[in-house]
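Please go over the structures that come below.
The same chain A turns up in both complexes below, where it pairs with chain B and then with chain C.
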Partner chain A sequence: MTRNLRYLIPIALLLVILPYALPPYQTILFSYGLIFAIAALGFNLLLGYTGLLSFGHSAYFGVGAYAPAFLVKYFGAGSMELFLLAGIFFTAVVSAVFGFICVRYTRIFFAILALALSQVLWSLALKLFWLTNGTDGLRVPTPTLLGGLASDVLGSAETKLDFLSHRYYYYVLAVFFLCVAVMWVIVNSPFGKALQAIRDNETRAEFVGVQVRRYRWIAFLVSGVFTGLAGSLWVVLNGLVTPDILYWTFSGEIVFLTVLGGFRTFAGPILGAVVFNFLKAYAVGFTVYWQFLLGAVLVVIVLSMPTGILGTANTIWLRLRRAA
Partner chain B sequence: MRLLETQRLKKYFGDTHAVDEVDFSVTQGEVLALIGANGAGKTTLVNVVSGLLPPDGGKIHFQGIDVTHQSIHQRIEAGIARSFQLVNLFDQLTCLDNIALPIFSREKKTRRLMALADKDRAVREEAMEVLQQFGLAPKAAMVAGGLAQGERKLLDVAVAYALRPRLLFLDEPTSGVSTREKAPIMDIITSIVRSGKITAVVIEHDMDVVFTYSDRIVVMHEGKILADGSPDEIRRNEQVTTTLLGTTVAP
Partner chain C sequence: MTAFVQCLGFTLSSADILTAQILNSLFYASILFLIASGLTLVYGVMRIVNLAHGNLFALGAYVTGWALGHAVGWVSGPLLFALLLAGAIAVAAVGAVLEPTLLRPLYKRAEEYQLLITFGLLLVLEDMMHWLWGPHPLTSGALPDLVGSATIFGATYPNYNILVIAVGFAAAVGLWAFVYKTRFGVILRATSQNMRMASALGVNVKRVYVQAFTIGCFMAGLGGAVIMPISGAVLGMGIEALILAFVVVVVGGLGSLEGALIGAIIVGLVRTLGIMCFPEIELAVLYLIAAVVLLVRPEGLFGRA
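Let's turn to the complex of A and B:
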């Protein structure tokens, strides 16, 4: 940990001065990256630490995104903290139920079941037009942060772009730091060790007294809530939520960016999220065949770096140190 | 006092009567050797008693309580622990964490999400102590997957031991290690078991090991108990010597 602080402090400082160093558009892109990183942290509690590959995490991100939209639609609420609480509450409920079903299975059956359940939510979001507005989606206007405490440093002339690239960026950053800290503690807690034991050897874990299914369920719940929280942050940045966010391809993106960064390390998914987000943004601008281009780039990266960007960086670093 | 008792315990795999109406008992404080040829049903008996497999019939009593239909978790809480014939470890965790986990579990701390495992001094120290006892202290920080076979066998036993069970099943603790390593490994294990006053059932093929380290021997053959007695009685039992020992024991 103290060793890690040497990297953490400069990185944290960079993140703090970022809005002053980059144009607003880039800062907002970075916000997206941080938000996906929170989702990936949650996702990787299951993949990297519990050994469960969920192909349905769009469900929790989506529920987290729809929850604030419903608050706006039905109650006219405009408080960011309420948005987050609603996101946490609803994703906790949904992931508790879905998790209860999924953890009865492992491996590919788990993955497929998680996928199928997320597709159910997607089709509901499409069909229940009175609730979700179907493909038109629901709008989420700019909320107040911290009950207005942190409002309008820039005066009333603040544009939406200013808001998103400054105040909201810092809000996202603060939540991101908090999520990283909490997840760091979780994976290094006795509970986290129990999850890793389950990943390594389910039978033996049971025989040291770990109730495997129950622990998987709790991991699922925590994972879903992190991803849902990310969804709630995302919907404000995006301003709109449509059923697309529940579609399985988005689950695929979460899997991909986690593997890209390296699911065997704590920070891998964070790096993967930020990198993936930039790759995607530039690929979209570069060519209409962006999905093909991105897919090709990712295949090359994953094949050449099976342990992800961070895993590979680690190996190279160790090799350099040994050579020196 | 009878610590464990099975009545007409049964486990069939199709036509294979792996455990066939077995009455098996373990007395408090003894080190019992469970022997028998390959496929005699020794591992299956342990699998059923420890809760890994459900029985097809019969009853299991532990400390006078019927545990036949209890979950693995309940049996562990009652004090039954086991090691595995084929090493079963948490390969990506360090040796220290492999031992710390059963200790956390025993102390009901594995539900703690918001506390750092490494900051729990008491657990760390106890885990270090267990590693020390098993001669694995120098490997504490190494991942279990990186150990040599003999060390892996020892760690496998240590993981079960760290639960501080009342009854410990050790399924071939020296299988897969060289003959030279067997005695030292058994020395370590038996001295720990005896000094910890743990009742142990040791499955073992090597007859030298069996006669040296056990108080009582139970012989299984094709799912049934063929003989049960002190090492001397078993050595003199002709039925046993002809079916089993003929080839393995030195005259």
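Let's turn to the complex of A and C:
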């Protein structure tokens, strides 16, 4: 733990001073990265710690994003905390139901079942125009943070850009720190250890008394809620939610960024999310063929560095130390 | 619900609408079978779910569209139909290159990596088609115009669509005969059942894998080729097709050819009925069917566990 703190404190300080060091656009990109990192943390509880590959996590991100949009549409709500609570509540319900169905299987059937269920939500969001506005999507205006306590010194002179690149960045950062801490506690708790036992050997875990299916279900639920929370944070940053966010290719992106960072480590998915987000933003700006670039990167990673950025860096570091 | 019953009653009460809708379902089923049979064959033999399979189908449509676009005016009449094979053969050739280069290194690794690499391939193929043929759809109505339409039980129906149904069923019969009645089929099934044992008995497993993957790609390419004259070649068609093919193979049973045929017919019927009677939730119903089948019979209606 103390060794980890040596890295953690400088990184946390860097993140705190970031809005003063970088132009607003970069800060906002970083917010996106942190939000995807929260989603990836949740996703990795399933992939890295429980050994289940979900190709349907767009469902929970999407539910988390649509929940605030419905609050705005039907109740005119404008409180960020309410948005987050709604996001957590609805993703908990959806992932409890979907998870209950999915955890009956593992491996390929688990992946396809998760995918099929997420596509149900996507097709509903696409077709039920009276509810979701179809492909036009729903808008989410700037909410108040902490019930107005965290208002800005600029007051009414604050633009949307100021809000997103400053106050909202810190809000996201605080939630991010909280999520990292909670996930750290979860994976190091007896529950987290049981999940890793299930991943490594299901039969043995069952024999020492772990209720495998029940534990997988709880892991699924926690994973979904983290991803949904990320969705709720995302929709305010993005200002608009469309069915695209529920489509299965977005699930693929979550898988991608987790593997990019390295899914056998705790911090890998966080790094992967931030790197992926910058990679995608610049690839989109640099060429219309950004999917080609990302796909090629994915192929190269799978073939030549399956442990991801962090895993590969770790291997190189160990090799250097042994040589020295 | 009452609206649905009314709609169903209306469809069943008039012979021409019923005929047209049944033919539509069969048309749709034969396209789905062409896509799904390749997916299920590859899974059955190599235990790989190829997420890029839908994009190989789209590639077949693009190659055909490109070939037809250049050939109209030069080539006439029945020869144009031979061009449909061009799309299928091109995709088969791509498959013969992809399997040894991208998939072969991954057979010994965890399933997650196999899904991931085919997902990467999906992204790459999608943009390759975008780069080669641009953002606008390729269309060509030359073939349906050539064969006109016929009247069956009072319904006027395009002959081209009937041809597609025939192609679908010919492919089903051909594939069945190939897998169950030829020597190569025996080797294929042996490899699928026990790869190590087949290898120990002298089967060149590497070659069987390339051949199986090439046949799977050929079927996908053929599906793309025959649908191109009707719906055109559009970006994103592959990603959509893949998910529907998933529904088909999940309903029928991953790895089972008979299952792919039955699954395709079921999905074709539900889709046609859905478009007529419950358009809002038509897709949701399809995915729900897949989820329910997975829950009740994970090996599919015709799968071997």
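Everything that follows uses one rule, which is that the second predicted complex is superposed on the first by the 322 of 324 C-alpha atoms of A that agree within 3 Å, B and C clash if a C-alpha of one lies under 4 Å from a C-alpha of the other, contacts with A are read in each partner's own complex, and residues count from 1 in each chain.
Quick note on the criterion: a residue touches a chain if its C-beta (ideal position, glycine included) is under 8 Å from a C-beta of that chain, and two chains touch if they have at least 3 such contacts.
On a predicted model such as this, the values are computed, not experimentally measured, just so you know.
> With both complexes superposed on chain A, which partner does A:T203 reach: first (chain B), second (chain C), both or neither?
A:T203 sits against chain B, while chain C stays out of touch.
> So, does A:R107 touch the first partner chain B, the second partner chain C, both, or neither?
In the superposed model, A:R107 contacts chain C only, not chain B.
> Based on the superposed arrangement, let me know which partner A:I186 touches: chain B (first), chain C (second), both, or neither?
First partner only.
> So which one touches more of the residues on chain A, chain B or chain C?
Of chain B and chain C, C contacts more residues of chain A.
> In the superposed arrangement, does A:Q211 touch chain B (first), chain C (second), both or neither?
first
> In the overlay, answer first, second, both or neither for which of chain B and chain C A:L298 touches.
Second partner only, chain C.
> Using the superposition on chain A described above, determine whether A:A194 touches chain B (first), chain C (second), both, or neither.
A:A194 contacts chain B only, not chain C.
> Regarding the shared-chain residue A:F256, is it in contact with chain B (first), chain C (second), both, or neither?
In the superposition, A:F256 touches chain C alone.
> List the residues of chain A that touch chain B in one complex and chain C in the other.
On chain A, no residue contacts both chain B in one structure and chain C in the other.
> Residue numbers of chain A touching chain C in their complex, please.
Touching chain C: residues 47, 53, 55, 101, 104-105, 107-109, 111-113, 115-117, 119-120, 123-124, 126-128, 248-249, 252, 255-256, 259, 288-292, 294-299, 302-303, 306 of chain A.
> Note which residues of chain C are touching chain A in the complex, please.
49, 51, 102, 105-106, 109, 111-113, 115-117, 119-128, 130-131, 239, 243, 246-247, 250, 254, 279-284, 287-288, 290-291, 294-295, 298
> Using the touch definition from the top, list the residues of chain B that touch chain A in their complex.
Within the complex, chain B touches chain A at residues 50, 52, 72-73, 76-77, 81-82, 84, 88-93, 97, 100-102, 104-106, 109-118, 120, 159-160, 162-163.
> Given the complex with chain B, which residues does chain A contribute to the contact?
182, 185-186, 188-194, 196-197, 199-201, 203-211, 215, 222
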